[in-house]
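Each in structure tokens, the structures are laid out below.
Each of the next two complexes has chain A plus one more chain, namely chain B in the first and chain C in the second.
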Partner chain A sequence: MEIFDIFLLEAILNGILLGGVLALLALGLNLVFGVIDVVWICYAELVMLGMYTVYWLFAQYGVPLIPAFLLGILAVAALGALLHYLVIQPVLSSAPINQLLVTGGVLFFLQALATLVFGVEFRNIGLRLPVLEFNEMYFSFARVLAFVAALAGMVALYLFLTRTYLGTAIRAISQDRAIMPLMGVNPKKIYLITSAIGGGLAGLAACLLVLQYDVHPAIGLSFGPITFMICVMGGLGNMVGGFVAAFIFSQFISVGGFFFAIEWGYVVAFAFFILMMFVKPQGILSRRR
Partner chain B sequence: MLSVTNLTKRFGGFTAVDRISFALEQGEILGLIGPNGSGKSTTFNLIAGTLAPSEGSISFLGQDIGGRPPMAACHLGIGRTFQIPRPFKRLSILENIAVAAYYGQNGQISRTRAWEQAEEALNLVNLPSDPKSPVDGLGAAGLKKLELARALATQPKLLLADESLGGLDEHEMEQAADMLSLIRREKNITIIWVEHIMGVLMRVVDRVMVLDHGEKIAEGLPREVARDPRVIEVYLGSEEIKIADAQGDAGGDAGGDARA
Partner chain C sequence: MTLFQRLSGACAGVFAAAFLLAVPAQADIKIGVIFDYTGPFAAGGSQAAAIGTKSAIDIINERGGVEGHKIIATYADAQSKSEVAINEMTRLLEQEKVDLIMGVFSSAHCVPMAQRVDQLQRFMWANVCVASSVFKDKNLKYVFRSQVHSDQFGEASCVFANENAKSRLGKEPKDLRIAIIYEDGPYGAGVASGNEATCKELGLNIVLKEGYAATSPDLSSLVTKLKRARPDVILHTGYNPDITLFLRQARELGLKWDALIGHGAGYGQIDKLRETFGKDADFIYNVDPVAAQLLDPKTLAAGLGDVTAEMVKRYKAETNAQEVPPHTSMGFNQTWIFLTDVLPRAIKKHGGFNPEALRKAALETDIPVGGTIQGYGVKFFGPGTPMAGQNERSSPVVMQYVDGATKVVWPAAIKTVDPTLPLPKGHTYAK
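Now for the complex of A and B:
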């Protein structure tokens, strides 16, 4: 293969690996929106807190990596449930704009709180994972791990939603909230569980991201917007659409970054997003109602 | 098993249900009829817990259930169907029913048992479609059957069946009537059947209660009620006759005034 082709292939494969994590990020947000009909604007800030949790446990308190990951996931799951209980539940029947504003408020609250508590320094868990070589192409082990874990998380969620009564009730409540109590289902409980799962997915994403990036209070801003664009492009609440959109976006970033500079990858990706909003505003796979 | 005393529901100045009292015996089928807006659905919503009564009490199996949330009513054994079926459209037929079976009994039964009960309920209503297929493919009659199966899957002791949809033809009405009497016979479930018109209902029910403007205007055996002059008036009389009558009848006044 010519050197140019190899680099291009490497960029495409790296794009796919990146897509896994982006798809995972989009999944939690889509689950919460699809079921509760509320957009967590502060979603990426939950991820940020998850990253801090893992950093703290692992780098400061010497907790082994796997238990630190599990605790991180649990912590963000609890945070998701808390967010629902304290912030979302009171505004559940308010206008959507109020719901957006209140979770937007939580975004800045969490950012400010993290700055106060953790400081503005960039922190790294100090774990150097190897770089894998395959056919003269280089991949970060952290990315491969993130891709595999993201896919596993998505499969687990799919099985949970389709094979269990709780999962079926979660799908049911997304279709008709009012009728559920007449079948003995407590909607508040289902919402709380859904929020915990959404938080847990953010926690899993945090574990995977903390292996690749330094954590700082504003890190949510570097992948929050792209997560929203993926969700919107896939059709908000449409998990399959979000999955597909994540891989389209990651190719724009990765291959776009290969042809131009890495920053250009994002410019191209966002330009594509704006274009798609004109062409298919309902999402690439329009959600069936 | 069910005893309703002076049940009243007001929405602002409008009295939708006005001091209704009635009782039900185990295994009975009560027909609840009345024109549009006569308070039938509100009565259902009060018993099922979707609405809280303004006044009066509802006692079910010795417990006062008025104002309790619908989950509690469901767990105690009150199932209901809706006039317009409300299935979960993106769930399969059997999933729709299984959720009701599992949560309707507050998750107190095993997962397999809930699944079996869902299949049982589906067999009882005799829905010919593939249980694994999506709900999308069902027609109006199929959706009504699914609605019924979902209510039955919660293992109710009392079934509130809202059949008051005008859309069914004579043959479908007959089928619906046979279905409810089969459910009573096979499962010994007590039933309140809501309907606009008298028709086939009269053949199946043990007793009939007639509502008009939120008030009970008649109760008794189907053939007695069918001869009751006030009932005939409600169903045959023109608007003028009703108003004239209400003015001459002190009892009928309260509902009329409250609406004004």
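Now for the complex of A and C:
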């Protein structure tokens, strides 16, 4: 059996597409941490609620897919703002461990709420997307879409943060939250907007995941830990770092899983993560001080 | 009637009433029932099994209980987490003071629970979990299971493939390419090890054997490896959502096969598979203890057909489902066996329902084939044997989904249709 064959190439390319999904997930979490300095442990549960929103709108109420997506993104953006207003804001000045615990509490609350409201059934939107075939290699259309969306989301966020007044204010407050109020920036408002954008990115991820996965109350378990690890490996709050880390991680999973057993792909990825915590604890793109 | 006779009669009546009031009511039998009512296992079959279990208990109570004892069931949610299952079991035994533990869907819960119960010398009646490792070489004394075990699942699919290799696939068994994929918990690993042992014994060509985590967010590299290995038959053991993820990614990445044989859990949920994959779910095989309603009641002991009909009626009333999954039969059947055979004997012959009495009664169980709603008989391997506590008469069947309906295709003695093998041309997964 050849080591470098068409199947390996397919595994590499599928790894890149998986990286797009993971990068998209990491984007919102990184933005929120970078600006507000709070880790939303419940981030994947927001994604889960976004998936349910799209499912109900599209599959149950017959709303066309694109409007359902837009409403899903808006719903999760509102949820992000609400999460900040009700849960994060009261503990902003508390110790980081308290902030972590409170968002952890929200995680279990949202899981239980989803179970009560939506039940334990696995639901899917029943959409059969075309399969992309190229030179005897096959690719998931939904994954390609997620990859493109991740790139577009990254570019749009970059432009927003660098080319708009609001974006500049967000970046400024992430750099020095003590001095910016003296310059006339209202941090409460900026935090709320950032949370809404973070939620909106979770909503965008939800739209793309609902094309690929069944939604159920525990789906966050599949993505939450891995998203958090990618953010840590990329440097919490470093969006470019998170983006790069997502693709490194996905290649370990995909190519590692192709050469060895699938679980070994994860073992190697986690071993690399631990190693990086020793070598570059500030994240893979951090500069040595 | 003289006045004396009337007075005597009245006095006798008064004494009888007084006697009845003076004698304490029969003690209730408290059973702790543990299933996954939430989390991914709930929709993967646990809830269906829990409904079956509850129906059996309700019917027995409506008939007056067991030997005059009412069954008081306390239902606990394991939340699809092993540590929660163990905590709930401890709570039920120590705080709720239940007389025994029953239920359990996931083998990942079952393995540690069984050992803990046995250490405590309390009694456990396992309903649904299938891993052979629950009993294998453990010499458990107080844990019993009349359900099929995973080695038998693994064996059935390989024997089925072997029997059909030449006649339907036109290949000698040694040329039949088999891939074994499984979730890597005790359930999947147990079935896969049974697959491997039997397929090797039969001389089938195993081209790939690989496990994965049931919560894995991506199985594309597994699918790519399968494409490279070019199996004719894929033997898959998984829960949900990994099964739907596999089927979806297999379609997207162009994986083809002649036969996909699942082994219970997510593959037992034809309604769900059909809802998700439509006609693509047709011709998938599932190895499981048979769903009782698929059996001809004439082949079973008298009265069991009515029991099955009642189970089906109650399940449909509760869920509005069209198909009753095998898990409902598993939950119902094991509970029925315990409440109608083991428990009455423990009370009548061994003086009650303490763990020792229940253990002795279980070891004396001797139900012939055809004596349960799922067809198989019950007799437990005795103490000191490698599978002590496991039913030695249990057996699974191979079913196939055809146009949304479930058909039995193996063993030949009870099959309802011939298998459609290989997949018909034009099917999404057909070669």
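General observations
Following the convention adopted for this analysis, the second predicted complex is superposed on the first by the 278 of 289 C-alpha atoms of A that agree within 3 Å, B and C clash if a C-alpha of one lies under 4 Å from a C-alpha of the other, contacts with A are read in each partner's own complex, and residues count from 1 in each chain.
Going forward, contacts are C-beta pairs under 8 Å (C-beta built on N, C-alpha and C of every residue); 3 or more make two chains touch, one makes a residue touch a chain.
Since we're looking at a predicted model, the values are computed, not measured.
Comparing chain C and chain B on the residues of chain A they touch gives the larger count to C.
Legend: residue contacts after superposition of the two complexes on their common chain; A:10 is shown touching chain C, with no touch to chain B. Contact with neither chain B nor chain C is seen for A:55 once the two complexes are overlaid on the shared chain.
In the superposition on chain A, A:219 makes contact with chain C only, not with chain B. Once chain A of one complex is fitted onto chain A of the other, the partner contacts of A:252 are absent, as it touches neither chain B nor chain C.
Of the two partner chains placed around the shared chain by superposition, chain B is the only one that A:171 touches, whereas chain C remains out of contact. Every residue of chain A that touches chain C in the complex is listed here, in rising order: 1, 5, 7, 10-11, 14-15, 18, 112, 115, 120-122, 124, 126, 129, 131, 133, 138-143, 212-214, 216-219, 221-223, 226, 253-255, 257-258, 261-263, 265-266. Residue ranges of chain C in contact with chain A, taken from their complex: 37-40, 42-43, 47, 80, 184, 210-213, 215-222, 224-225, 227-228, 240-241, 244-245, 248-249, 251-254, 272, 275-276, 278. Those residues of chain B that touch chain A in the complex are listed here as 48-50, 69-71, 74-75, 80, 82, 86, 88-91, 95-96, 98-100, 102-107, 111, 114, 150, 154. For chain A in complex with chain B, the touching residues are 165, 168-169, 171-172, 175-176, 179, 181-186, 288.
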